[in-house]
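Report on one structure; see the data block that follows.
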Amino acid sequence: MQKIDKSILKQVITPRDPISYKGNYGKILIIAGSSNFGGAAIMSASAAIHSGAGLVTVATIPEKFTAINTRIPEAMTVDYHHLIEIIDAIKNADVIAIGPGLGTSKYSESLVSLVIDHAHMDQTIIFDASALTIIAGSKIDIAKIPANVILTPHQGEWQRLSQLEIAEQKPKKNLEQLHNIAPNALLIVKKHLSEVYYEGSANQIIAGNPGMATGGMGDTLTGIIAAFVGQFGFSQNTVEAALFLHSFIADKIYKKNYVVLPEKLIEAIPKSMQKIVTNKKA
Amino acid sequence: MQKIDKSILKQVITPRDPISYKGNYGKILIIAGSSNFGGAAIMSASAAIHSGAGLVTVATIPEKFTAINTRIPEAMTVDYHHLIEIIDAIKNADVIAIGPGLGTSKYSESLVSLVIDHAHMDQTIIFDASALTIIAGSKIDIAKIPANVILTPHQGEWQRLSQLEIAEQKPKKNLEQLHNIAPNALLIVKKHLSEVYYEGSANQIIAGNPGMATGGMGDTLTGIIAAFVGQFGFSQNTVEAALFLHSFIADKIYKKNYVVLPEKLIEAIPKSMQKIVTNKKA
Amino acid sequence: MQKIDKSILKQVITPRDPISYKGNYGKILIIAGSSNFGGAAIMSASAAIHSGAGLVTVATIPEKFTAINTRIPEAMTVDYHHLIEIIDAIKNADVIAIGPGLGTSKYSESLVSLVIDHAHMDQTIIFDASALTIIAGSKIDIAKIPANVILTPHQGEWQRLSQLEIAEQKPKKNLEQLHNIAPNALLIVKKHLSEVYYEGSANQIIAGNPGMATGGMGDTLTGIIAAFVGQFGFSQNTVEAALFLHSFIADKIYKKNYVVLPEKLIEAIPKSMQKIVTNKKA
Amino acid sequence: MQKIDKSILKQVITPRDPISYKGNYGKILIIAGSSNFGGAAIMSASAAIHSGAGLVTVATIPEKFTAINTRIPEAMTVDYHHLIEIIDAIKNADVIAIGPGLGTSKYSESLVSLVIDHAHMDQTIIFDASALTIIAGSKIDIAKIPANVILTPHQGEWQRLSQLEIAEQKPKKNLEQLHNIAPNALLIVKKHLSEVYYEGSANQIIAGNPGMATGGMGDTLTGIIAAFVGQFGFSQNTVEAALFLHSFIADKIYKKNYVVLPEKLIEAIPKSMQKIVTNKKA
């Protein structure tokens, strides 16, 4: 496996064109949240906004709009039970992240199908958290999706998807199973030193710490990936830079904090990105 | 076009009279927000409050009151479906900003008409965002409004209003079209180096950066303009100072942040304004 | 008029007894807020908490509980339409502040009456904002209240209460009218250099600035007064120290901020109070 | 009584295993809150998250979900009236804290019973605040609970539980009464220099200050204890370290703040814990 280190950041995170507009930095749709899991959508969307996404819309239940408006007034909302609005939002998005706090209800399943049915070539779809569990337990065939596909399981979710026990999850096996499930998809296996699988290659992120073992870290990562794809385009490099930045900022916070809370990490993103661009020690 | 630089700030932002009251600094009414666009009202109103507005009222749907109370307890609220209350609020306001996150529903259209019907000479009305789209798609004649009128389109919205393609939006054409639409209105065309058109003159704001290409920047600007008119009176200088301050603070933030988030910009306003007044390097 | 200066702070704000409990620092009840004025209760209660009040309860409409829980989780709540609970809260409070954002509805009037009917000798009642307008427009006789009474009108409210035009509001006249209205009450007239009237004396607060001319400043003051009475007991000195601290902190903030926002002022209270106690330059 | 000093922190708070996951740091269930006491759950849960708990779920009424999602998006929620969900949450938790802001309604009583009925050996249950009042007024026998039990009364609550007047609450009597009530339970008596009773020993925490005499301090402590047991396992040392850290951070804040607000204390936890682990002066 190739080791991905800090050099990935400078490759991907580039200065903005002086003459550019919100539309240049991606329309992100985050389909997330349910009654008991209301915070995940906030963390994903806030991470996307702080990572430079142009426009971020959260599709969730209306009961969560107040928390979203309060915490992240920059985000727009859509009621994901409103079929016309959610289909419209899916069609118009450049990047869709589905899954954080979504739960595995019948309706959540239908949302996963809805995304897949309306996906088109110019899009990237990130299947995360509950969406991965739904896919693992269904007959949904993600190999046929015309959009770019990113899968972000942690080891337990990857086991459900791949039928590989955690002990068996070695690069060769992971690549084989990814090939069987969705040969064109990019797979992240989230763990201590996370791994990225894409088009037959296996890379490893050399950053991260146990202070990240806390609720919301995955939701935060999903938002960063979505924003990066929206700004820098879908590529293995883009996704690896998002992963690396997430762990890189966490490592800085962990030096002084026993636990790395999502809010702290998210808050640090704009400064960290600008340091990379301006050649300062990030 | 005349270039507007930092000197505009000292001309407009003046020390407060030691013996003065809330009433001296403007009653601002912000008519904004709808179910899916709940954050715009918060950003506009918060910007107005941080810019020194005396009293700020947000007219919106009651579902958004909790987010407003939580984020900006200084703001009062009005349900814009409550006809007696909204008409009363319109009549009593010194400055009305209508449009952020309002959407273009039939009811939003009637709100735009309501504002126009009740406008009076001592007021300034800022038409922003959805209100501009509504005007562009209707037979509303804004030339006859007795109040001072400010239009704040970005280039796409100006195209809808003026029928000028973005490539055609040059000073001479812009002035011509403004004269046709509303000869007494002040027009801001928001873009890289925004332009201000008023009474035949065309000025350009020499500040701003691509980190501002993010959701909520326009809503924030609208709030600053409203507060400035409320405190310093309607004039081309006042509006240009508001525009300049917005970009000026954003430029400072952008030096250290890849993206300029509204919250950061808003938070920096009171200090930035006082530095200008106290002759310190702002 | 005697000038009240910084020396009042050290007289009133004393170190806490090492062995003491929440119950020693006052049960504060803030009856405040209505549909359109949801922020006032938050600012009053937050100011009280930051000023060291032992226990703070906000009586308001349930629609405002979420904003209160979110902004000030330390505060308890009561639905002021729930007669048993509100009467219970009134009876058990050491200090009651009624009025911020309450509005002048019939029900608000009945709340003012309810407080007066259940007041007892060991209590202090602060009538503020809407409560003052209600009293001015009613036959309520506040002279007969057995509790300590504090009135906190600004000049316009004092005019409504006293029938004195603002130009007539001179110390002698103010004392005369206070004697007619409520001879045992303590009166604050809020203005540039606010005045305190009590038992025939008239004092003036030598602090304050025009940056305080913003929404919520009065609500914030009310919370500080309530907390101070709860901790240091009702006295002219206690109230003057609360007033002075409010303006004193505002003056520090104003040096660097064009407008003094309630949130900033409130946040600075605990540090400012401790500096006074520990003999450091506050 | 043995004095517990700062050395307890280094004994208990240990570096995290580099290869570890959320699941290694405890599933915490906080059963808390009711209509009028909405903030307690937020403070307990926020304290638990900042203290490093792996996963935190708040069981409360759905009206409080928005405030929880807004303030602590990391927390999951459960409606405690939903029997299937609450029983499931109880069974799956490693640590349960019941009581903060719960109130003493019939339903709250049934929640206490529900926890006791489903408790199992691998769990720790913290009975706090309202839960202690419920136990004191009922025939519930907490001696028979198979889980580890922690009781966290302040002196008044301990009086209700033990029938010992506050003046009688001396180590010997406290141990006797604890033996009668629940011989295997760990008892904290919260007061100036709090005391810990367990298996016949009586220890005293040598930290704390009167600035802590404010609403929410107890709720905050409960969250820290829950997180510590979740991470470091149930033991007398673990609980004493949680208690000491709470007072230790409060003492630092109190040096500069007249009152120690929960939010400030909570915010300081991750840095304080990491200083202990990295051998820096905490």
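A, B, C and D label the chains in the order they appear, each numbered from 1.
To be clear about the criterion, a contact is a pair of C-beta atoms (placed from the backbone, for glycine too) under 8 Å apart; a residue touches a chain by one contact, two chains touch by 3 or more.
Everything quoted here is computed from the prediction, not taken from an experiment.
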If a chain touches chain A and chain B alike, it appears here: none
Rigid-body rotation angle, chain C and chain B, from Cα fit (steps of 5°): 90
Interface residue identity across copies chain A, chain D - same or different by half: different
Geometric centre distance via CA averages, chain D-chain C, whole Å: 35
Between chain B and chain D, centroid-to-centroid distance (C-alpha), Å: 49
Per-residue multi-chain contacts in chain D, two or more chains: 66, 70
Touching chain combinations (by label order): A-B, A-D, B-C, C-D
Contact footprint of chain D on chain A as seen in their complex: 35-40, 42-43, 63-64, 66-67, 70-71, 154, 192, 209-211, 213-216, 254-259, 261-263
Residue numbers on chain B that touch chain C, as the complex places them: 13, 16-22, 24-25, 49-56, 62, 65-66, 68-70, 72-79, 85, 269-271, 273-275, 277
